[in-house]
Structures are given as structure tokens and as C-alpha cells.
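Letters A, B, C, D and E name the chains as they come in the text, with residue numbers starting at 1 for each one.
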Amino acid sequence: MITAAVVPTTTWYLVLAAGLFAIGMIGVLVRRNPLIMFMCIELMLNAVNLTFVALATELTDINGQTAVFFVLVVAAAEVVVGLGIIVSIMRRRQQATADDLAALKG
Amino acid sequence: MYSAEAAGGSTLSFPILTALVLVPALGGILTILTSNRRPESTKFVALVASTVTAGLSIWLLSSFETADAGFQFVSRHPWIRDWGIGWHVGVDGISLFLVVLTGLLFPLVIAGIDPHHDHKRYLGWMLVLEAGVMGSFISLDLFLFFLFFEIVLVPMYFLIGGWGYDQRIYAATKFFLYTMFGSAFMLVGIIATAVLAKNSLGYVTFDLVELAEGAEFAASTGRWLFMAFAIAFAVKVPLFPLHTWLPDAHTQAPTGGSVILAGVLLKLGTYGFLRFGLYLFPEASVWARPLFLTLAVVGILWGAIAATMQKDLKRLVAYSSVAHLGFIILGTFAFTSQAITGGVMQMVNHGISTGALFLLVGMIYERRQTREISQLKGLQSVAPIFAAAFMIVMLSSIGVPGLNGFVGEFLILIGSFGNARWWVVVGATGVILAALYLLWAYQRVFHGEPDEENKSFAELRPREGMLLLAFIAPIVFTGVFPKPMLDRIEPSVKALVTHVETNTGRTLEFEKKEIAPVEHSDVHSDTEKHDTEKSDSEGHGG
Amino acid sequence: MSVVSFLAIDPLLEGDLLWTPLLIVLVKVLVVFVVGLVATMLMVWFERKAIAGMQNRIGPNKAGPFGLLQTLADGIKLFFKEDLLPERADKFVYRLAPYLSFVPAFLAFAIIPLGGDFRDGNGGFVTWFGETTRVQLADPPVGVLFALAISSIAVYGIMLAGWSSGSKYPLLGSVRASAQMVSYEASLGLSLAAVILVCGTLSTSGIVDAQSSLGSWNLVATGVVPFLIFLVSATAELNRPPFDLVEAEQELVGGFNTEYSSIRFALFFLAEFMNTITMSAFIVTLFFGGPQPITIGGTTLDIPLIPNGLEGTVWLLLKVLVFLYIYVWFRGTLPRFRYDQLMDLGWKFLIPSSLGWFMLLAAQRLADDRGWDQWIVVPMSLAVIVVAFVMMQLAFRASDRNREAEGVQF
Amino acid sequence: MELFVFVCAAIMVLVGALGVVLRSNPVHAALSMILTLFGVAVLFVAREANFLAAVQVIVYAGAIVVLFLFVIMLLGVDRAEDLRTEPLGNVQRPLALVLGIGMFALLTTAVVRSRDSLRFKGDGVKTATLEDADGNIRQIARSIFGDYVVAFELTSVLLIVAVVGTVVLARRRKSERTAS
Amino acid sequence: MFAAETLAGPSIPWFTLSPLLALLVGACVLMLGGSLLPQWPRGLYGIVSAATAATSIVLCFFLWDNLTDGRPETIIADALAFDHFAVLGTITICIAVLLASLTTSDYLVREGEDGPELFVLYIAAAIGGIVMVAAQDLIVLFLGLETLSLALYVLAASNRRREESQEAGLKYFILGGFSSAFFLYGIAFIYGATKHTNLGRIMKVLSTEQAFPRNDVLLLVGVGLLLVGLAFKVAAVPFQVWTPDVYQGAPTPVTSFMASAGKTAAFAALLRVSVTALESRVDDWRPVVWVLAVLSLVFGSVLAVTQTNVKRMLAYSSISHAGFILLGVEAASHTGSSSAGDGIASAMTYLLLYTVLVIGTFTIVGLVAGKGDVGSNLTDFRGLGRRRPALALALTVFLLAQAGMPLTSGFVAKFGVIRAAVETKSYAIAIIAMLASVIGAFLYLRIMVSAWMEDAEGEDAAPPVPFLSGLAVTAAVAFTLVVGIVPGWLLDATRQVVTLAGR
């Protein structure tokens, strides 16, 4: 079978996570649909999770994994609240984008 | 010299200074609490409070030990122990007459000038203002001083903004921001002073006497700190080029406000220079001397020239204030006891005469609803007594011998001629200019044939006459017989000058033959002069 | 290595890869897949036949003996039908959805112990061709969670199918179905938690291993309540009657798959029946000892003639059949729920009850560990539950009143 | 094998993430996100975090994205937006790109530069073994109920907030309905 | 197959947690009561909520006394710190809950609504905030932060009749989530660099590590990300973009709560993390704080002046206040000097005083704005001095205090931080701060001018000030003045917050 000469190290994971984080960040900055922006935030959280898990193995310390567990809980709660807000605002106006929300200037 | 133990030559068991602050403050609160439906009760309360204060200040004057140079009636109580802040108050010859002036001016203003609307709030603010001013003059704690210094802003702001003329809000805001801008530096300076003094004192304190006598700063540190204080005072004085708020504030303020502003508020700055500049940072103030002398002279000339060009009578008086205060600063930074004594005298004199001038301008406005010089004409023929009163006050302001203005100005010029000759020479032209613009204004307003509108100009009413008399009496008395005042001022001033001399190791006094001190600082080093210019330009930038 | 360990902790895959074990694994995969398909076919036949019996009909009887090949025939027919693609459909998702529905159904089956010898501490291992293994496609260490994860993915198939059809009825049907599935997943998970609590492991083979005798079947060990809740939730999860609102023809035409036809429709159909089988097997695994033979008081009912290695499979089959019959029975007898009743049942009854029961078990467990007096613990926990229940009922009543008085929508 | 898994998962993650950012249709974006989530879950498994992988799928794929889809479908915002006409301004998009790349560069530098300095080691992460299949879970449990018990209890408050918050946001009174 | 080993959790000092537990009980009572008894008397929810907070405050006083004898310690597996710092923060946040509950009660009446939800959210947010204040572990801190933030998002969006409110909620939410991600990534990096999320252990690791050549890149990037996250929460420039919109859009009582409790918690966390865990890296993060402080001071004040809406003005002014508090943080960073503690003490004192001030101010703004928070423009304040002299006077006191006038608590607060800065020889920043406060003063003057010196076009009959709001305002004014006149006791007390647990 494949005798893998190259084994992905922790750094690979961390760089991948960094990439994911950056993509999420760009997404938040360029997209104007609040739902998508929100998804991008979730991507960023996922990048953090990946970082934690990769580090936990590298440091041989379980607490990194525990942290991910809490992040998952937080993400879930955040989604509930965030979608609640989005629904309550979009129920008024379909197709609201972040730029349309201009009742508040700035 | 000054020390906490030796202080208090005259001891009263009654905490008279504390009372001087508390009585008007409580009066102010009481005024606010009086019923809306009975305006006369409001005025009564306010009058009682201010009169009691006046009485107290007279009592203070009478029990003042003439020969004692130290602080008297000292009262000390810890307040915020954590920060080394205490209620430390006392008066000496320098502050005595300012306190008395404050005590006497307020009842006159309250009794004599009608604010036209919202009496209750007006009187309330007036009394709070009085408390603040009193507090500033008697504080011997840096923190306490700053506190009162700032508190004064609020009532003054409301007085100008609430009862002033058309541009009142602009003027009030300008006044507030300028002063606060200065205080910002002062607060940092105060804190830095206390904190840095910890190195030599071993503990943090804001006590003026302890700091002045005990703390030692490196020369450069002292200079920075001094400049921080100086900016605040320079704004308040106001010293050129920070004076631009003053004409606006004076012009837009209600008459009462103008009188108080000119009478006592501006003195906070000049007093501050003496008390917190010279006393606290002798070395630095000697170092900064050329700068301030120059600014003072420029202020004198600028004020005079600007006054000449004014069309508004009140603005003219306001600019004359700038010039007068330049003299006071000139005297202060001459560092001779004569000149400083003259400066202190002049503070009081200016308070009285310019206050009276504003009062008179206010009366003109009451009658004519205008202050434009061009609109006024020939008032002398319709209201001769009024014109006479105006004349006396104006002459006092010019500094004609026999009236109080002369004594102060003369002392300043004589005292500083020795060691600040060229500045004096230039500054003295300000006296001539003052005569010029005031007399010219008088001529335009009072001489000639009254036109239709000025025909009905009413003569001085008895009540107004009484009020003016209260101003004119001290003008004449001091002009003829200044000795009692000088006796009380001089010891403290001498002590102050000695303090400066011992701390700088230089002789400033009694070197009138030579222009030594000037050379002194010239000789001192070229770099130092350089520094002066630098901080000068920085002062402009700020 | 670690990836492998997730899919199957299997001695076969430890160390170097050799051909024999790989072959065994491949065979396992193939067998499970084929058995799955065939079982589905039979299940359809079984259901039709059984319901026909209940309704005094004959049912399919033409194709093959007893109509056994009817499903096959239907399948072939569907396979050759035209594949319709609605114009307003989101083409990619429309094509993807059936697979999203079909694949999880089979994946979930992978973790069910299909047999093996669990007696005498054997741990379910059997030895074939000199290799020791489990009769189970994969045994991930988080097996139960894996099942939950898979079942939560199954939602997507339905949801996306409805959405991508580009038509209102399928959309409504799919939203209904997925809401229903998400809701009941909560109570499903909570009753599952009771099992995990009692067994102390997440691995399915571990759970089976723990149920060595009738008394230690989780049905008994957890008290019957979690099982009942699980059964009800599972039925709802499967969108089967009486919770088959997805396909409420009167309201929604045909539900989420209205627009589908041909082989894609067949895939949904297949997935549904496959899910039923998987769920039954799962119930058996969790609560009825899976392939464990029935053991009462140390006496094991031994099926003669069948070797121990295969006997487990037979037991499993028997037990699963019971549940399959129960599902058919449900279908034949129970009327359909109304949607609000469905949600009320799920949120207001099943979830609180399963949570309450879980707490009770946990308290029990704690008391055991710490050696507390059971006579105090049990009444106290019961009292707490009763109080909570009463309060909840009061709250429901209050909210009903509010709804009427103020017109609160929710 | 490891490499293969990593590369596959990484591609899933990145393609999914790009899909979220670039796809114009919210539903497709959500589906892309599922791809990413699965990729991350696979990577979790590759890093011995079996429990987390399962939880990741259950919570994210099973609940979060479903909620997203619900919202998209309920609000009817599922039509594709034209990305070009998104009112972004001329500066913002390149600026965001630059920022994002800068962030990526920064983070990458950080992790690469410090790859040898991760020298603090803990007590070890238990992997699933034949003998102790639940080792990882037990370890996490010990950590949650030991060192992080406060955090765990706090999650209850967090969830209460979420629930109460949703009630606040969702509840409508008759008066509002008629008003709006 | 029962697990052989039983789990022995950490011991839990119940009494130490009592303020938190009291809040929790209060929230439960509100929720249960609210759902079980359909018709509560109006205002009762608010009173229960306020009483809960008051109980918590009282318990805090007991704890404070206990601590005076004992030493600060870390509790529950070192996850929470129990020290004066934490107790003071708890008191501050509870005061915010107390006052905001009172005013919210009237707000609900004004809006024609009722219900316990907002109060539950206040209390839950407070719990999150208190945990942040006491958190000795980054993960715990993060959860506290999220609890607080989520509650605030909802609160901001809670007025469903006003679109601005919901927009505020959405904006706050998106940007808040964004910043949380940064914060969390920072935690991950710090964890990577030190293997710990516990502040005390991080500190130990970092301080013992100094001996051999160190590679701090990961740690520093982590700290940077962490600071970005926290700077978002405290609304420091350049991470302030959300503040004006959210402050303006959110219901006014909520704004006041946000500005007080939210800021307190975030700043306390910032202080604790930076001073405890990152003590040995002060030189690295101090410049960041310095820059943040200066930018916040300058931009907060300058931008405030250009606004015409009072809520927006106050939002910008709160940014400027954040700059002031950062001044304290900066001072606290000079850990080597003997006066670093003054930074901590002064920042915490500032937060306490600002809490009361800002709630008082916003309460009055809310009362003036009236139903639907419509009238919060500067023009709406015209003639307030004539219509409602008492209210205008109270507003004046608050504004003067915010401007830092002597004899008000605002002066004590500013004096404290300036002093701390000066003691650590940060003269430049001290002067910038004072100048910023001058610019800020202009802003407060504008409001005062509107209230006192300009007259409204139409003299409408002013509705009376509702009782509970009046109570809150009176209490706040009294506190502001009392502290301004006799601050000694407070300073004596807050001096003790310097000793952080586990440091």
C-alpha cells in the first residue's frame, strides 16, 4: 500500500486553519447578506476549532479538545440568537442586506 | 519662611474662611429652594447670604495681622487621605484684598443689577459663583484650588449663556472651552507635581505649603510643571495670545456677569501666577520670565490698539482689560516686591474700576438698547451726573494720579523699571494709549449735541447712584490713601520675593542700578534663551 | 491510522495492511450492502402483505412466490421510467438530494452489531480464517453518536429535495418533515443518553456487551420509559405513521418528493424502508441486547444446530422482525397526528419526560456511587420530577391563556 | 494514508469555504458550509478527536446548518443574488481581500515560525484503542467536569439566554401584528 | 460496564459564589413566575429584578469584608478568581442591573409592553459579565463574554416595533460575532504557545520561560488577536464602528446597560488578562493599549461633537470614556513600578462611577425621547429646563460629571486615571486625555445649552417622570454628588482591588 513518506504535521493543520479563518474573514467583509456573513463567522469559528484540535494533539493536552466542545456550544447558541434577529428583521423587509439597513446612518 | 507651623499669626476660633465659602454656597442652594411665586423672598435670601459674606470679609480684613507675612486664619482638615488631599485654606496679604473685593462686589451686583428673567436661577448661580471664587482665593491645596477654579466655570457659563446677549451661547462656550483647555494642562501639572514631589517628600500631598517648602524638582521638571500651570493661568488672565475669549465673553455677558468677570474672575489667573507659579516653582518662573514679560507687554499694546478700534463700548472696555492685566503680569514677573505689590494693588483696582465701567456701560445699554459708540452722542448734556461718574471711573482706569489706578500702575512701572527696563519702556506706552482710547470714547459718547434718540437718555437714578458710589468711594480712597492696603500686602509680597530668591540663589530685588537680572538671565546661557523661544512658540501652538 | 481507528476499531486493521483482513472487510461491506438492499425489498413486501392481512385483503401475490418479487418488479419499472426535472428546480441540488437521503440510511447500518458471540465475555468477536473480528461493519468508539450524526444528516435529503423542486408543496412538506425530525431528534438523543449512562460506553458493541442477560437489557436497566420514548421518537424520525405528515396527501399532494419520479423516487423509497430496518436494528441493539441470546437467571436459550458465531445473527433477526412488525402494525392501526399535536407531543411531553427520566437515572447512579440512601434519593428525585411536571403543566396553561388573551402568536 | 486523508479533507474545507463566500445562492452557500464542516470533522478524526468529530457533525451539520436552511426557506431569501451588483463600493472588496491575505500571511507566519516552540507537553491525549474505546471521551469528560466545570455550568446560562432571547425576538402580540 | 473510577470534581465554595447564585435564583424566579402566573402587577418584574441585584450587592459587601481578612484566592479548579477586583466588578455590574431594571420597567410601560424576558436577559448578561470579571481562565472568560454578548444582542434588538432597534441588534451581532472569532483565535494561539488557558498557569509558564531564548511569535499574535476581540467589546477606536449605531438604535435603557455593564466586564477582563497572564510581556502589549487609548480619546471626542442625536453623541462620548479607562490599563501595564496598581484601581473606580453616570444620563435621555425612543435628537432637548427643571438639573449634573467637573464623581474618576498615568510618567497620554476631555466638554455643553438656553417651539405638557425612573435618577444623582464631594471612602476601598488573585 501507500507508504506515506510525508506525514502532515501540526503546522499543516494550523496553516489550513489560518486559511479557513482568512476566507471567513474576507467573507464577512465582502458579503452583504447577513445570513452569509453569519455563515462566514461560523467558518471562522471552525478554523479556531481546527486550531485547537491540532494544537491539542501537538501539545498532548486534552484541554484543547475541551475548548472546542465549548466553542461548539457557543456557536449553537449564537446561531439561535443570530437567526432570531435575522428573522425578526427580515420578516419586515425581504431581501435586506447589510447596506439596506440604513435607518441608522453610518 | 512660610511654614505650616508659623502660619496663622491671627487666630480666630471661628473658621471664618470656611464660612466665606459655605455661606454663599448654602445661600445659593437656599435660593434655588425658595418658592417660585415669591420672587422677593428669593432676592432676600440671596442678598442676606451675600451680605453676610461681605460682613465676614470685612471682619476678616479687620482681624488681619498687618505685619504678618504668613498665612492667617489657616484651617486644615484632611479630606481624601488616599490622595493626600486636604481642606487647607488661609489668606495672606496677597489674597486678602481679593477675598475682600469678592465679598463686597457680589452683594453690590446682586442688589444693583437686574437680570430681567429667571431671577431665582440667576441668583443661585451668582452665589455659587461667589463660593467658587472665594474658594479659589483661599485654597492652599493644589487640588482644592483646581476644584474651585473649575467650579467657577459652571455658574459663569450659565450666567453668560442664560442671561447674556445675542451671541451668548457662542461666547459662553468659548469661555468654557478656553478655560477648560487651560485647566487640562493644569490638572496634569498638579498631579505631576504631587507625584514627583513624592521623591523628595516621601509621601504624596497636594498641600501647597508643604510642596513649596519641601519639594525639590529637577530644573527641567520644574519648568515643565510650571508651564502646565502657566497655560491655565494665562488663559484665565488672559494673556496674549490666549485672550480671544475675553472680548466675546465680556461683551455677551449680562452686566452682572461682566462686572464679576472683570472684577474677580480674571484675577484668578494673575493670582494663580503669584501663588502657584512663583511660590511653587521659583526657579522655573525666573526662567520663564522673559517670555511672560514679553507676552505681558504685547498684551498691553495689543489690548490698547484693539480697544482703539472698537465700535462697541463694552468691547472697548473688555480690550482695556486685556491691557490692564498685561500690566499686572508685567509687575508679577518683574520679581521686585514693589512691582508685585503694585500688581496685587492693580488686581484690586482693576476689579473695582473696570467693574464700575461695565456697570456704567450696562446702564447705557439699559437705556438705549445699544452699545454702539456711533449711536451714542452728547449724553453729557442730558445726564451730567452720569457723565461725571463715568469720568471718574474712566480716569481711575486710565491711571490718573489721585485715583486708585495710578497707585498700582505706578508701583508696577517703578518696581520693574530696575530689572525689566525695556519691557517697561514699551509697556508704559500702554498707559498713554489707554488715555487715548478711553478719552476718545468718552468724547464720542458724551460730548456733542444729543440727537433725537439720545435726548431721552435718563439721568442716574438714586439707586444706581448708591451703587456707583460704592465703587467710586474706594477708587478715591485708595488713590489718596493707599497705605493701609500697601501695609498689608507688602510683607507677604516681600516674603514671596525672598522665597524666590533663596530658591533660585539669585538676587532680583534692589538691583535697580543695573539691569543685572536681565543680563543675569542673558549671561546664564544662550541655550536657555533658546529654550525660552522654543517654549514660546510652543505656547503659541497650544 | 487514526482515521481507520474511527471507522472500525478492529484488530484486523491494526498494524500493516494484509490481504486477508482487507478481503474480510470488503466482504463485510458487500454483504451489508446486499443484505440491506434485499432486506428492504423484503420489508416492502412484508409491509404490504401484513397490512393487507390486517385489512382483510390479499396483498401482492402475483410476482414470484407469495408476491415476493413484487418490489423488485416495481423497482425495475421505476428504473426505466423517464426522469423528470422540473423547470424551476435547482438542478444540482435536485439531483443530489436523493443520495443524501439514501446514503445515510446505509451508513447507519454499518455500526450495528449484526451477530457474533457475546457470551462468556467473548465481546462479540469471531474468528474467521484465522482472523479475529466482529460481525459488524465498523465499530467506531463513538458509535452511538455516529448514529445520531448520521440521522441528523438524513434531514438534508428531505429538506433539499423539497426545496430544490422549486414548488410550494414539496417545500412545505420538506420543511414540515425536517422540523419534525429535528424536534424528535432531541428526545431521541435524550433517551439515548439514558442508555449511555447505564452502559458507560458509546460503542455499540460495548452496549450490546453490557446486556448479557434479560435483567441487564437496557429495556429493564433504564426503566421502560426511555425505550418507549425512543420508540415513539424513532417512529417520528422515520416519518412513518402515525407521524407521516410529510406525505399527508390531502394537504401536500405527496410531500417533499412530489416532483420526483423514476429512479430518484425509488431512492427515497428505498431510503425510507432502509431507515425503518436500521432503526429497528438500532432499537434492538440499544434496548434488547442486539445479537445476545435471551438469558434468564443464568440459563441461556440456545438455538440448537446453529454455531455460536452465527447464532447472534439469528437472534438479531428475530428481534428486529418483532419491531418491523410493530412498525407495520402502527401503520395499519393508528390514525395520523395533526401537526400541532405532533409538535406538542414532541416538545411538551417527550423531551421533558426523557430529560426528567435521565435526571432520575443520573441521581440514582450518583447515589449508587456515593453510597447514599436509596430510600431518600428516589422519593426526592421523584418529588422533584413531580413538582417540575406540575409547574410545566401550569406554564402550558398560562401560556394558553396568554395566547387567547393577548393574541401572542407563539 | 494520513497524507491522503489530510489532502482530501483540506480540499473539502477550502472548497466549501470558498463556496460560502463566492456562491450567490444562500442555499448553495449553506451546502458549501456543510462540506467545510465535514472536512473539519474528518480532520478532527485524523487528530484523534473522535468525540469532537461526532459532536461537530451533530451540532453543526445536524442543527446549525439546518437552522440556516430553515431561515433561508422560511424567509424566501433563497433566490440567487447577483454578486456583481452587491453594493460594495469600489474599495471595499479589494480592501477586504488585502486584509484577508494579510491576515492569512500573519497567521501563517506565526504558526510556521513557531512550529518548533510548541514544546510544552501535557499528560497526553488518549486515542481510542481496542481496550478502551471511550478513553478520549472519558478524558474530555474529566476535563469538562474538572478544570472547566465553571465553563460548563456557564453554558447553561448561555443556553438560557439563547432561549429567552429567541422568545423575545420571536413572540408577537396581536397589537404588533395589526400594526405591521 | 460501569466506569470503575468515579469522578471527583473540584470543591465549590458556595458562599463565595453567592452573588452569582442570587442572580441565578432571581432569573429563575422571573422566568418561572413569568410563565406560571400570567398576570403580574405592572412593574413587579422590574422590582424583582432590581431586588435580585440588590441582594447580590449586599452579598458582595459580605464577601468584601471576608476578603479583607483573608487573602485573594482562586476557586473551583482555579477557574474563577475571588479577590477585591472581582467583587468590585460584581458590585458595579449589579448596580447596572439594578438601575437598568428600574428604568426598563418604566420603559416597558411606556412602550405598552410587559414581560420578564428583558429582565432575565439583564440578569443573565450580568452573570456573564461577572464571570468575565472573575474569570481566571480564558475559556471561562470566553463563555462569560458570549453570555453577556448574546444577551446584549437580543436586548438591543428587543424593540420589535422599531426597525432601528433590530438593525442595531443585527449590526451588533454580526460585528460582535466577528470579534468573538478573533478573540477565540487569540485564545487558541495563546493556548498553543503555553499549553494553558488558565491565566495563572500562563503567567507561570511565561515568567519561567524568560531564561532561554524565546520564540514569542505565536503568543504575541495570539495576544494581538485577543486584544482585537476585547477592543471590539470595549469599543475602542478603531474597533468602535458598531457603537454609535447600536447605542442609537437599541432601546435606551438597554443602551445604558450596554454602556455600563458591558464595558465594565470587558475592561475588567482586559485588565485581568493583561496584568495577570501577560505580566511578563507588558512591553509588548503596552504600546497597543497606548495607541488604542489615544485613538479612542481623540476620535471619540472629536466625532461626538459632529453629531446631532444625543444617543449618538453619548455613544461617541462613551468611546472617549473608554479611552480614559484604557489610560488606567496603560498605567497598570507598568508592572515594574510601585504605582502600577493605581492603574487597576483607577480603571475599576472609573468603571463603577461611569456605570452610575451613564445609566443616569441615558435614563433621562429615554424619558425625554418618550415612546418609541423617537425624540432623542438634540432639538428635542430644547426647553427641558423650563418643562422639567428637576430632570434638566439632574441631566446637568450627569453631563458635568461626564465632562469631569469637580465635586462630581466624574472628576474623581478622571482624576484617578490621570493620576495613575502621571505616576507612571505617561505625561503625553495624560495631556491628550485632558485635551480630549475638553473637546468632550463641548459636547456636553451642547446638550446643556439645548436643555437650558433654547426654547422649544411647542410647549407640550410634560408627562410626569415615572416613579421608578425617578428613583433611579435620584439615586444616581445622589451617588454622583456624594462621591464627588467625599470620595475618600470609595478610594480607600478601591485601593484594595490591586491585589489580584493568583498573581
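Please note the rule applied: contacts are C-beta pairs under 8 Å (C-beta built on N, C-alpha and C of every residue); 3 or more make two chains touch, one makes a residue touch a chain.
Everything numeric in this text was worked out from a predicted model, so none of it was measured.
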Exercise. Name, by label, each chain that touches both members of the pair chain A and chain E.
Key: D
Exercise. Could you run down the chains that neighbour chain A and chain D together?
Key: E
Quiz item: Expressed in steps between touching chains, what is the minimal separation of chain A and chain B?
Solution: 2
Practice problem: Return the chain label for which the distance between chain Cα mean and whole-protein Cα mean is smallest. | Solution: E
Quiz prompt | Greatest separation from chain D - chain, by CA centre | solution = B
Exercise. Could you work out which chain's C-alpha centre is the most distant one from the centre of chain C?
Key: B
Quiz item: When the centre of a chain is set as the mean of its C-alpha atoms, what distance in Å lies between chain C and chain D?
Solution: 27
Quiz prompt | Separation of chain B from chain E, taking each centre as the mean of its C-alpha atoms, in whole Å | solution = 43
Quiz prompt | Distance between the centres, which are taken as Cα means, of chain C and chain A, whole angstrom | solution = 31
Exercise. Could you check chain A for residues that touch two or more other chains and list them?
Key: 1, 14, 21, 24-25, 38, 55, 58-59, 61, 63, 66, 70, 74, 77, 81, 84-86, 88, 92
Exercise. Note the residues in chain C that touch 2 or more other chains, in rising order.
Key: 200-201, 206
Self-check item: Numbers and ranges of chain D residues touching at least 2 other chains
Solution: 1-2, 46-48, 51, 55, 63, 74, 107, 111, 118, 120-122, 136, 142, 147-148, 151, 155, 158, 161-162, 165, 167, 169-170, 172-173, 175
Quiz prompt | Chain pairs in mutual contact under the definition given at the outset | solution = A-D, A-E, B-E, C-D, C-E, D-E
Self-check item: For the chain E and chain D complex, residues of the former touching the latter
Solution: 3, 7, 9-10, 24, 27, 31, 76-80, 112-113, 117-118, 120-121, 124-125, 127-128, 131, 137, 139-140, 143-144, 146-147, 150-151, 153-154, 157-158, 160-161, 185, 189, 192-196, 198, 205, 214-215, 217-218, 220-222
Quiz prompt | Complex contacts: residues of chain E adjacent to chain B | solution = 400, 405-407, 411, 415, 418-419, 422-423, 427, 430-431, 434-435, 437-438, 441-442, 445, 449, 452-453, 486-488, 491-492, 495
Practice problem: Would you pull the chain C residues touching chain D in the complex into a rising list? | Solution: 1-6, 9, 11, 14, 90, 92-93, 139-142, 145-146, 148-149, 152-153, 155-156, 159-160, 163, 171, 175, 178-179, 182, 185, 200-203, 206, 406-410
Quiz item: How about chain D: which of its residues touch chain A in the complex?
Solution: 1-4, 6, 10, 13-14, 17-18, 20-21, 26, 29-30, 33, 36-37, 40, 43-44, 46-49, 51-52, 55-56, 59-60, 63-64, 67-68, 71-72, 74-77, 81, 86-88, 92-93, 95-97, 99-101, 103-104, 107-108, 111-112, 115, 118, 120-126, 136, 139-140, 142-144, 147-148, 151-152, 155, 158-159, 161-163, 165-166, 169-170, 180
Quiz item: Can you list the chain C residues touching chain E in their complex?
Solution: 199-201, 206, 209-210, 369, 391, 394-395, 398-399, 401-402, 405
